[in-house]
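So, here's a batch of structures to check.
The following pair of complexes shares a single chain, chain A, combined with chain B in the former and chain C in the latter.
Showing the complex of A and B:
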């Protein structure tokens, strides 16, 4: 029987899933995903985590609980840094340790460490370490890694064409209909793309014929170009992307307004959100900060988003007079 | 130029000494009060961590008093501290304050850059003078920490209640009248002698180790004076993180690539295999180490939403269980009320007292059966 590797649909699932899937499948494993985020996953996560943890970390624990009894391995990499001189978040540095402490009766956890802060060789080692849980065949691991990298690049290219991660994973097509106005939707990927956590915000915005551009739809080279102009290097990879994206979207006049979705209790968003808001407002672009947490009511968010979109449409219409 | 800096417990003593030795005019920020916190809460992002907010309050109070230059430490992640200065500068600028902000950090780990920035602050003093002043100031931080530590030992044992606290209080008022490392050091030593002379009873005493985020561990205003409160409840405390620890390990040894984290890493390893920013890994390691040193309990302090300490908080119950050492986490924010807080401290002290008595009874029974 094929070994079953469980991947929680949370946190960096939205950034790396196609790569992880290709890798483990090439090694002969079967991928098992947790359910899409739902009420039970949320409740389980909230119950087992510490109160003050951010929503995404709570959700991750919920996804682990959903998966753990159905798999032989749980893939919980320790992603310290995926780019030179940068980090993701302190909580990612200790993610497997938190899970192991808080959730009982876990299957074997594949907790390889990726730390590319000082050099890239750590990735190679992480890949090898991860592969060894499934097979001893090093050549096979490397070739699986190569083709998984290719999948990752394809995936990223599709997002740059305007697809959300879920659309890119499921072979969606870039929307061809002419949208009236566009807005920038920025935030940690696991906040904006998890339809349950985000209260389905993407569908709701598009449903009004308004297009969205997220930070992941902007070319890496543009992000890097803008990030270089910050007074101090932004050492959080997602913080950098979010800050640079908001600047890019405004300066290049790509959007009419910006919605920044943050998770309650997120340490990064608390600071990055403040910096972004100050910059965006100074440039006179409408800005809306939406905070989500386990108690957020969908109605409240809908009202705020709708009011914001109404305002944008109204502004846009009055421009054409 | 009138230089100020954030307030963090007794850290001002060391900073004042350093800057004065370098001939810089210093404005020591007024101690943290309710107003400091209110100013911070009003102008800082709502979900920023508490130290950032209090810093903002400190700056505003110092700028009101005429300071024009702010010295702040920096960093390069992963926790928020490394971006404090950027956010704080934006907030103050948008409020219309005029000031210069000097961020002491080592971008890309460059020591030279760090020393250059200090030298800039001093109007171009030679690098040797800067280095020797840093050395002397490090000495002050060590002396200061020793004085405080002595206070924590004396307080639960003193016969005349309030002696240690009143000595510390009078030290803090006198230190404003002296200048530079030499004078400050001799004042500290003087108080050390006086502290040693406080009459104490030789009691068998409970010991609690304090772990957690550096600001909440060091600044008594945010922890509602935890060390004194516990002292008054008859408990000797130790703080695992102190200013001199931070200076010696993070500033000096790390810069010279001499920081030996092996003891911390080894102790934390079964539970937390990696550095998580701030002092999260230390919190776990020191809990294990306190148990080895026969402490009766551990209290973890953290500001609401503190990222590294939330990782530690998630793991602490398991460490506490495995090593059989009671541990309690106190999350501090601007809403922390003194009454509820004291109740929790008292309940925790009761718990460890009972635990200790039970262990002793058990031992006695075993012996008498012997």
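Showing the complex of A and C:
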């Protein structure tokens, strides 16, 4: 029987899943996913995690609980840095420790460490360490890694064509919003693409005939080009991407407005949110900050999004409805 | 020729407002009712009162707004269901096409709307915290045994304002009790509270926004002259309170419905006899998946007319198909 590797559909799932899937499947494992976020996952996550964790971290715990009894391994990498001289949120460094100490009866946790702050060698070691849980064949591990990288690049290309990660994973077609209003929807991928946590914001915006561009739909080279112009290097990889994306979308006149979705209690968003807001407003572009949390009332988000989109349409057409 | 009218209904957390505007977009009828947690009954009562005052009139369009707008929209058969921000902006522009800033404080939320050249250019709404909104003032008034209507006038009598913390309603309350136990006069404490709320509002919502004249202050709290004075002092600008400040949302909904009905060429308004209909709600706790959505079905004379609360659309889509 194939070893079953469980991947929680939370946090960096939205950035790396196609890569992880290819890697473990090439090694002969079977991938098992948690359910898409639902109320039970949210409740389980909230009940078991520490109370000052942010919503996405709580959701991650809920996804682990959903998966743990159905798999032989749980893949929870310890990601410290994915790019030279940059970090990702400190909660990711402690993620496997947090999960192990808070969730009982876990299967084996694959908690390899990726820290590329100084050089790439840690990635090579992480790949090897992760592969060894499934096979002793080093050559096979490297070839699986090579083809998984290719999958990641294909996945990123598809997003650059305008697909959300879920659409890119499931073979969606680029949306047909060639004309009409577009807005920039930015924020951590696990906030904006998790339809439950985001209260389905993408569908709500598109449902009004308004297109969206997220930071993941922008070429990496553009992000890097703009990030270099910052007065001070942004050392958070996600923060850098979010800031550069908002700048790019405005400067290239790709969007009429920006919605930034943040999770309550996110330290990074608290800072980056304000930086982005100041820069966006200075350029006279409409900006809206949406905070998501554990509450299930959609009215607050709906009213803000609706009013924001009304405002954009109003500006665009100089008319009422 | 028989005159025709447009109906606007604003169902808020504290009040439900019903207005009529005529063909010339002039306000001809207004009613301010307490929602009392019973939006359906209050809407029906409001329509009944409207019918007995105005008779059987020709309503050519109906609009709904407020936090209960979807429910209200179903009951009256609204031609347009719009959020409060847009409705308030439309109503304020109708009164003064030059308006550049709208301050709005309602029962449980507060907003600031910035307009330039007759269109909304920016807005902000308070977050989950309701400090500084009408229901908080209501509560403090009743704690001090002062009718809310006299609250503002009493504040104006003050000669020595005391400082109250306005960041949070709970802290404000304990600060007020503390000042009261020290022996400060009630009117000084009340003026202090008005200033604290205004400070909190401007820090939260006004942050980084350019507040220019003309400024219009609307919503139920605009009736409080203490708050108006505190705004003028803090902003250094003239703050105008329109005569129908407390029903502006409903006026906006009525104005929007006139355009919507005109565009459609007909109205979906169900008619004034909705007061005879029996509305009820039926909770359907969906067990279809782990989301366990709290779905509810709105029934009119025993027949389902709307349904919402489901995330997947399993129930609400079924309704759309029926319609």
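Convention: the second predicted complex is superposed on the first by the 314 of 321 C-alpha atoms of A that agree within 3 Å, B and C clash if a C-alpha of one lies under 4 Å from a C-alpha of the other, contacts with A are read in each partner's own complex, and residues count from 1 in each chain.
Rule of thumb we're sticking to: a residue touches a chain if its C-beta (ideal position, glycine included) is under 8 Å from a C-beta of that chain, and two chains touch if they have at least 3 such contacts.
Small disclaimer: the values here were computed from a predicted structure and weren't measured.
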Given the alignment on chain A, is it a clash or a fit between chain B and chain C?
fit
For A:40 in the superposed arrangement: first (chain B), second (chain C), both or neither?
second
Give one of first, second, both or neither to describe whether A:113 is in contact with chain B, with chain C, with both, or with none.
first
Applying the document's definition of touch, where does A:251 land relative to chain B and chain C: first, second, both, or neither?
neither
Regarding the shared-chain residue A:102, is it in contact with chain B (first), chain C (second), both, or neither?
first
Pick one for A:161: touches chain B only (first), chain C only (second), both, or neither.
neither
Touch test for A:220: chain B only (first), chain C only (second), both, or neither?
neither
Give one of first, second, both or neither to describe whether A:286 is in contact with chain B, with chain C, with both, or with none.
second
Counting only touches as set out at the top, which of chain B and chain C does A:306 meet: first, second, both, neither?
second
Please determine whether it is chain B or chain C that touches the greater number of chain A residues.
B
Looking at chain B versus chain C in the superposed three-chain picture, what is their shortest Cα distance in Å?
6
Dual-contact residues of chain A (chain B, chain C) 278
Touching residues (chain side chain C, partner chain A) in the complex
67, 80, 82-86, 90, 119-123, 125, 127-128, 208, 256, 259-260, 289-293, 311
Could you please specify the touching residues of chain A with respect to chain C in the complex?
35, 38-41, 196, 200, 277-278, 281, 286-287, 291, 295, 299-300, 302-304, 306-308, 310-311, 314-315, 318, 320-321
Which part of chain A faces chain B closely enough to touch in the complex?
49-50, 52-54, 57, 78, 80, 85-91, 93-94, 96-98, 101-102, 113, 231-236, 264-271, 273-275, 278
Spell out the residues on chain B that touch chain A in their complex, using ranges where they run on.
45-49, 52, 74, 76-80, 82-83, 85-87, 90-91, 94, 107-108, 271-278, 280, 304-308, 310-311, 313-315, 317-318, 331
